[in-house]
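In order of appearance the chains are A, B, C and D, and numbering begins at 1 in each one.
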Amino acid sequence: MVARLQRDAFDIGEELRDFGAGAGAIVSFSGLVRAEGGRLVALEIEHYPGMTEKAMTAYGEAAAERFGLRDWRIIHRHGRLEAGETIMMVATAARHRRAAFDGAEYLMDWLKSRAPFWKREIGPAGPGAWVEARAEDEDALARW
Amino acid sequence: MVARLQRDAFDIGEELRDFGAGAGAIVSFSGLVRAEGGRLVALEIEHYPGMTEKAMTAYGEAAAERFGLRDWRIIHRHGRLEAGETIMMVATAARHRRAAFDGAEYLMDWLKSRAPFWKREIGPAGPGAWVEARAEDEDALARW
Amino acid sequence: MALDVLYFAWLRERIGQPRERIETDAATVRELVAQLAAMDEWHAAALSDLSAVRVALDQELADLDAPLGAAREVAFFPPMTGG
Amino acid sequence: MALDVLYFAWLRERIGQPRERIETDAATVRELVAQLAAMDEWHAAALSDLSAVRVALDQELADLDAPLGAAREVAFFPPMTGG
C-alpha cells in the first residue's frame, strides 16, 4: 500500500522485490516516454502538490477495496523525463489473476484521467505543446 | 520475443530491465505458489518436453500479431517450487496500455488452459492431489 | 471572502502566474470564473473555453456549478494527462 | 503402424509408465483409445472418463475423433493447469 510521487528514477525490479508476498498473482504496469520517432526529446510533467499525492492514495485504496487486493503500489514521477525513461508504475497483488489485472487497469484508467498530472512535450527545438487528453482515456473510465 | 522454460528461479527485475525499449506501455504478470494457509508446502510442475516450448512460442507470436506487441516474454518454470516462489511470468510491450494489458491477459488465458503444464500439490505429508482445471479458466478463453 | 486561486499547465502560462489571492463574493465556481475572466485579457483568454477547464475545490475535483462554500483553495487546470 | 504413446500427470501415474510403443491399425484417436483401454485394467481405468482426457498428435492439440494419419507421437493428459 504505497503511493509515491518523486522526481528521481526508480527501479521496477526493486519495487517488485517482495511485493505481494503471499499473493498468487502480481500485475505491474509501467509507462515510458516514447520518442515518437525523434519528435520528442523529453516530457515535462507538472503536478498539483498536495492534491496529486492524495489522489494517488485515494485511487489505490479504492482499487484495493473493490478488487480485494492484497497489496498495491503507485509510483509517479514529475519534472523533466527524457525519452525512454519510465514515467510511472502501478503494481497490484491478489489471490487470482483476474483481480490483479482488473485492479491494475482500474488504477491506470483513473490515474490517466483523474489524477492531477499534466504533460508537456519537449522537442529538439525546446518546449512544445501540452499533451491533450485522449477521448479514449475518458471512455475507459466508463466501464468501472 | 522470448519463450523460456526452466527449472531455476528467475529475477523479474532482470527480465524487465531494458524490456520493451521504445514502447510506451509495459505490463507484466507473475504467478506465485500460494501457501494456502499452510496446506501447501510446494507445487510440482510437470510439462511435455518439446510441446510445451512450442506452445509458449506459438501463443507469444499469436499475441504479438493480434495486439501489435513490440515485445513479449514468457518464462515458465517446472519441477518442484516451494510456497512463495514465482512459477512464471509474462511481459508485454506496446505503444499504448490497452494493447499491453490485452496481450498479457490473452497470454495468461492461453497458458493457463492450453499450454501443457500440470501442477501437483505437495503438502506437509507429501505429494497430494493434481490441481484440477478451473471452469473459469476455460471460460476466460471465450472472450478472445 | 479571500480565496487562493491556483492555475496549472497552459492555464498557468496564459494567466502568467501559478497562484493569486482573490477577494470574492461568488457563491459558485461559475460565478468566480466570471469574476476572474473580467479582471484582464489574460484571465479572459485562459477561461474562455470552459469545456477545456477542470476545477478542484480544496484539492477535490468539483463541478463548475459547485458552491464555493467554505473552500479556501480553488484550482483551475486542463484535463489531466497522467500515467 | 508403430506409435509412441505418452502419458502425463495422473494418466501417467495410473497407467504406471510415461510412454510406450504401440503397434496399431487404429484410424482415429478414439479407436486407439479403445485399443489401449482393452490392454489391461490400468489403461482401462485411466481412460475410462474421456471428458477428463486431452490429446495431442505430434505435439499439437487434437480431438478424439481426429484421424491418426501419419502421426508418430500421441499424448494423453488431463486438462492443463499452467500459469
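As a convention for this text, a residue touches a chain if its C-beta (ideal position, glycine included) is under 8 Å from a C-beta of that chain, and two chains touch if they have at least 3 such contacts.
This structure is a prediction, so every number in the text was calculated from the model and none was measured.
**Student:** So which chains count as neighbours of both chain B and chain D?
**Tutor:** Looking at chain D and chain B together, no chain touches each of them.
**Student:** Taking the mean of the CA coordinates per chain, how far is chain B from chain C in Å?
**Tutor:** 48
**Student:** With chain centres defined as C-alpha means, what is the inter-centre distance between chain A and chain C in Å?
**Tutor:** Those two chain centres are 26 Å apart.
**Student:** As a quick test, compute the distance in whole Å between the mean CA positions of chain C and chain D.
**Tutor:** Result: the chain centres lie 72 Å from each other.
**Student:** Can you list the chain B residues in contact with two or more other chains?
**Tutor:** Where chain B meets two or more other chains at a single residue, that happens at 31, 97, 108.
**Student:** On chain C, where are the residues touching two or more other chains?
**Tutor:** 83
**Student:** Name the touching chain pairs, would you?
**Tutor:** Touching chain pairs, listed by label, are A-B, A-C, B-D.
**Student:** Show me the residue ranges of chain A that touch chain B in the complex, using the header's touch definition.
**Tutor:** Touching chain B: residues 11-14, 16-17, 20-35, 84, 95, 97-98, 100-101, 104-105, 108, 136, 140 of chain A.
**Student:** Over in the complex, which chain D residues touch chain B? Could you list them?
**Tutor:** Chain D residues touching chain B: 6, 8-10, 56, 59-61, 75, 77-83.
**Student:** So in the complex, which bits of chain A are touching chain C?
**Tutor:** Touching chain C from chain A are residues 31, 45-46, 48, 50-51, 54, 76, 87-88, 108, 111-120, 130-133, 137-138.
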